[in-house]
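Each chain carries a letter (A, B, C, D and E) given by its place in the written order, and its residues are counted from 1.
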Amino acid sequence: VSQAGAGEAAKVLATPAVRKRATDLGIDLNEVRPSEEGRIRHADLDAFISYGAKSGHAPAAAT
Amino acid sequence: EPGAQPRPDESCEAKETNPLATDLVRVLGDDNQAHGPWDPRLGPDTLRAMLEQMALTRAFDERMYRGQRQGKTSFYMKCTGEEATSVAPAMALASDDMVFPSYRQQGILITRGYPLVEMINQIYSNRGDKLKGRQLPIMYSSRAHSFFTISGNLATQTPQAVGWAMASAIRGDSRIAATWLGEGSTAEGDFHSACIFAAVYNAPVILNVVNNQWAISSFSGFAGGERTTFAARAVGYGIAGLRVDGNDPLAVYAASQWAANRARANGGPTLIEHFTYRAEGHSTSDDPSAYRSAQERNEWPLGDPIMRLKDHLIAIGEWDEDRQTALDLECAEKVKAATKEAEKNGILGHGLHHPFHTMFEDVYQDLPWHLEEQAAQAIRERKIKWPQA
Amino acid sequence: EPGAQPRPDESCEAKETNPLATDLVRVLGDDNQAHGPWDPRLGPDTLRAMLEQMALTRAFDERMYRGQRQGKTSFYMKCTGEEATSVAPAMALASDDMVFPSYRQQGILITRGYPLVEMINQIYSNRGDKLKGRQLPIMYSSRAHSFFTISGNLATQTPQAVGWAMASAIRGDSRIAATWLGEGSTAEGDFHSACIFAAVYNAPVILNVVNNQWAISSFSGFAGGERTTFAARAVGYGIAGLRVDGNDPLAVYAASQWAANRARANGGPTLIEHFTYRAEGHSTSDDPSAYRSAQERNEWPLGDPIMRLKDHLIAIGEWDEDRQTALDLECAEKVKAATKEAEKNGILGHGLHHPFHTMFEDVYQDLPWHLEEQAAQAIRERKIKWPQA
Amino acid sequence: TRNLNMIEAINDALDIMMSRDPSVVIMGEDVGYFGGVFRCTAGLQEKYGKTRVFDTPINECGIIGAAVGMGAYGLRPVPEIQFADYIYPGLDQLISEAARLRYRSAGEFIAPMTVRSPFGGGIFGGQTHSQSPEALFTHVSGLKTVIPSTPHDAKGLLIAAIEDDDPVIFFEPKRIYNGPFDGFYDKPVQPWKKFPQSRVPEGYYSIPLGKARKVRDGEAMTILAYGTMVHVVEAVAKEKGVDADILDLRTLVPLDIEAIEESVEKTGRCLIVHEATRTSGFGAELSALVTERCFYHLEAPVERVTGFDTPYPHSLEWAFFPGPIRIGEAMDKILEV
Amino acid sequence: TRNLNMIEAINDALDIMMSRDPSVVIMGEDVGYFGGVFRCTAGLQEKYGKTRVFDTPINECGIIGAAVGMGAYGLRPVPEIQFADYIYPGLDQLISEAARLRYRSAGEFIAPMTVRSPFGGGIFGGQTHSQSPEALFTHVSGLKTVIPSTPHDAKGLLIAAIEDDDPVIFFEPKRIYNGPFDGFYDKPVQPWKKFPQSRVPEGYYSIPLGKARKVRDGEAMTILAYGTMVHVVEAVAKEKGVDADILDLRTLVPLDIEAIEESVEKTGRCLIVHEATRTSGFGAELSALVTERCFYHLEAPVERVTGFDTPYPHSLEWAFFPGPIRIGEAMDKILEV
């Protein structure tokens, strides 16, 4: 079971493909900062991989 | 032999009618006079009214057929030669008796005084169309005229008519129901359902089989017509059955009146076979020359019902050729005027005559969320496609 | 009046049979002798064989009914009192004429020599069940015995029988088809379809209406039986119709033979109404005391068909009470032995009699991917639930 | 309130509507004198007479067709189809007529009928007394499809269905007529009166069509079910200790999409369970809707647990039935992610 | 090869099968002397005689029912239902009989029939000459459902359907009988002979049931369609410059799941398009399957573009039809993610 229940307001939104990639990379999506609309995209994951969660770096623009 | 058929009492046992189910009730003779016990003894005003409605029906058909050919609508169906089978029963019934027609009974609506303009609005699916452009042309509906919504599915109206009649009886109402279907359609299971239910519950209903001898390209033999009559079906169910010359307006009137009186007096259902002939193609989509000879029409077995009534009126001194010419002209004018009027509401377009939200109404009494969402989609599409519409 | 009904030539016009559709063809009189033109003049061996099959059918019903009550299966339906309506036609038909029965014609299978053990295997849905436990008990199928797979849906077999007969005619085959349905089921549209198709194509088919006067709790009036006979339906379609005393095995045989000869000689379809009585409940799920008096059975209108045939054989000096007692015992023993044999294959369980893959076979000729996946699921579930099974 | 089983609750609803509204009539095979093969109409003919509760010929086309005509007259017919498996001969009258009447007449004629029919398996009824054809009806616009899972709901929903002016198909899960069913068929049936959902208020009440019932509040996954399967999923979740959010849909069309969205957005996981065959079953529509509308919330694939794509086989019915093992495996799969 | 329109291709397939196999018979309303209201059986009665090509009573129950009996005899009937809208009276014979025959007789009796029927709208046919009821059939195990989109496929698939020993429903998209349709209804119909898919090999060939056709190879999204809609989605993708991977399903049951999975796993996006009403349409099943089987590949919600959940309204038919705007919006939505 994943860590989905990390607080009601803070539900992580993402496509299944993003979730899968995060799981494969061992990334907890709760740590990733979404760039817009609260939904995590591949670009957000890319940014997370490059700069880490706390960096506050704005991810590259979504395609 | 016109006039030779006995007329049993309206309250007789069903089986007393058995001989009539394989005979042919006729009133008008070659001498253009009315004969025998089935003569309904109508006054000249009534006869002239009947002639008028039949002539108007034919004029209407002619013009609408042309309208379709001119691209004003997608589809039309004529009843040429069969006018008596709807006009005469409509006159014999009470105006609030409920009728469940097939697609070839425009004569009923016309006889009941439904405005021609409304009929044309429906045919054109235009702004004025009371059915909001949803139905195929000629699939009228008018509750106010006790005219049930026409279905594209053959024979489905017949058990519905029986159900309506059962309801009327349950409620102690004096209104009866009548339904029409083609001889080809009697092959459908729904017609059997109608007969069984009518028989079991002794429903106050008239089952009119319009045997015009053709079902699109199929001769009536494909509905069983080579083995026995369609009226004989009544014998199998133990209900009253009459076979009548459908091109003899007086005979049709008399048979309808007999059946209506019987039903209203709780005598139960009657199946009437109207033996007639489809003089034209099945519809505007059909070319009958592919399956029957052009000559067949000329050998029109029973004569034109309008001509026969006209000749009768002339024979009894209540009509003449000049008045007929005037009537025909008047009918054509009426139809023309109505057409013009209807055209103000537009002809068949691509649906822009109606706001797109109407498309989602009446699916249910209220719009559930999914239809509201779909309506929003449709309306958005319309705005994109026709920004000014 | 037994013996009083005329027997028209098998090649007569359909309408010559009309009077017989509302009469009742009878052969056996109160004097236990055969009378009149419908006497099939069967030899004593044939008569005894008929008696045997009827007695065996009844013994089978008794035992299977008890088996259901003992929990050996879920469901059973008896044909008590109606044995003649299946045994006699089965003897009158050729053994490869195709029959399309309803659920109350076990007498046909028994007469055609289908092994009792196979019947019981099916009823028990056990390992030996040729239908692999898929069908409700008594819904037999045997292509080898020209016995069509029984459907739970009433009357559907009737247009199928007509289609089979049409196919046989198309191929110039001499085999004919016969179908059975209850009087209640004649109300279904499918029966109308059968009659229309049979009439239009002059199909070599026999339509047997078993009027046992009840359809579960509904008296035959709810199928139209109060207005006329069920055989009269034939009149409406212009096909031959006979109404026969269904508890008079000789009359049933004679009528079946007449219709079979007619069909085989290209004379077309015959509708036969077998007037009989459902002496027991509709099925093991039914308690008839809720809707009809116990007394009704004692007033069994036409007498027990087995007793009548027995009495006839005795009257002509070809049978006696001792032989009857011996026959009854023999039948009971046969059924008992078959039951024992069948029980070796198990009684109704929870489906473990069959590998779960069989559940997915025969949906299509081959298993598509989705059924293979589902079969794998089912098999896995079985392993989890019954690791040793 | 009284404790009623589902048959009694349905009978009660019919009785109440017959007495409140003289336009309600009941018709069907064996429903009159006998009171129905499942006894749902018992006593009603005696009480209301043969013109309002009557047996019909065995002709489902005629039953629905006559009901259409009666509806057009102004009655409110409640036809019974003896088994859902036998509704097909009446389908044309339902699909082409009852469902289309209001539309094609632009509201002039309506078909305010409620077609009652027992459906579903688990009673050794074989291929023709076990089917769950509800999905077919949900594809027909103009029809509403209602399926109760308790005596309480059966009464309230049936009253709402009868009062509704649109044609309603009311499928009664016959496996739970007498008591709920947890999917463990080898255990004896527990009668309804042992369960709180059999507590049925006296007299008139109605439950609005289109509103789901929250059976159980939970966080781990959403379970969408209806009819018999509501009880089965509830039992399996309990047995496995899964903190499921269970919705009893009650009405398939119109569907309570809000309740579904709210739940799936909360749990991020969704299991759909029905007894009907799988392909193009109503579970497909539910799955598609969840994917379309809650996509970014989904943490695991939306799973369907259903009957197999075969006829309902007599002696193998428990192999066909989507029981505890099949449901449990799907739960594991959903939670494994 | 010859250039044939779809009617001619169907006629050719029938002709070839009639001549190859004496057990093939054709039956239906107006199919005999007249050759069918759409002329698909033109000339066949003259060539093969009235015992092999014949008109029937107007009774769809009898048409299918008789075909079941003929199949049991050993014939291979090809009944025509004049419009798919009129198949409902024959549904019980299809669902309860044809589809179940092999199963309930454990293979002793089969129903090797192919029911041909024109379906779909866009010809101003109104509510009862426009329906697309294919989803109903896909819910019935035992039936196969086939829908061609080109003359070439129509011939090959019809031959395969006739040869198939299971009952096949063969729906012919009547809007494209004479020419393909790109969804822009105001443009004149282009006859088939202008298009390569009208090049039909002479003589016998068959296209296996259950295999989809790759219409176009692309990377941006998978589009699943069948019948008329194949042409429409192709045109819209082209117009919008969307690099779509388009599959023409050809057979709905059994479905070519491999082709679907392969494509969606490649593109990560999926658009499903059909003309039938939305709720419980076949798109629901496709969407459910894609979600179940390709879940982790999904980069965007699986979208359905369909007809609306209303009857097919006569004069508003182009408002109902899932045309270029609706499809284009869905493409945008899928790509926007």
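The working rule: contacts are C-beta pairs under 8 Å (C-beta built on N, C-alpha and C of every residue); 3 or more make two chains touch, one makes a residue touch a chain.
Being a predicted model, the structure only gives us computed values, none of them experimental.
Traced through touching neighbours, the fewest hops from chain D to chain E number 1. The minimal number of chain-to-chain contact steps leading from chain B to chain E is 1. Of the two chain pairs examined here, A-E and C-E, the one linked by more C-beta pairs in contact is C-E.
The centroid of the Cα atoms in chain A and the matching centroid in chain D are 42 Å apart.
In terms of their C-alpha centroids, the spacing between chain A and chain B amounts to 69 Å. Chain centres here are Cα averages; for chain A and chain C they lie 71 Å apart. Those residues of chain C in touch with two or more other chains are numbered 132, 134-135, 139, 151-153, 187-190, 192-193, 196, 200, 222-224, 363, 370. Listed for chain A are residues 15-16, 19, each touching two or more other chains. Annotation for chain D: residues 56-57, 59, 61-62, 85, 88-89, 92, 96, 100, 103-104, 127-128, 141-142, 253, 279, 295, 298, 301, 309-311 touch two or more other chains.
Which chains touch which is summed up as A-D, A-E, B-C, B-D, B-E, C-D, C-E, D-E.
Residue ranges on chain A touching chain E, taken from their complex, read 15-20.
Of all residues in chain B, only 14-15, 187-193, 196, 199-200, 221-224, 226-228, 232-239 touch chain C in the complex they form.
On chain D, the positions that touch chain B within their shared complex are 25, 51-52, 56-57, 59, 61-62, 65-75, 77, 89, 92-93, 96-97, 100-110, 141-142, 144, 164-166, 210, 253-255, 257. Put simply, chain E touches chain D in their complex at residues 61, 85, 88-89, 91-92, 95-96, 100, 103-104, 127-128, 133, 135-136, 138-139, 141-142, 253, 276-277, 279-285, 287-288, 291-292, 295, 298, 300-304, 309-311. Contact residues of chain A toward chain D in the complex are 1-2, 4-5, 8, 11, 13-16, 19, 39.
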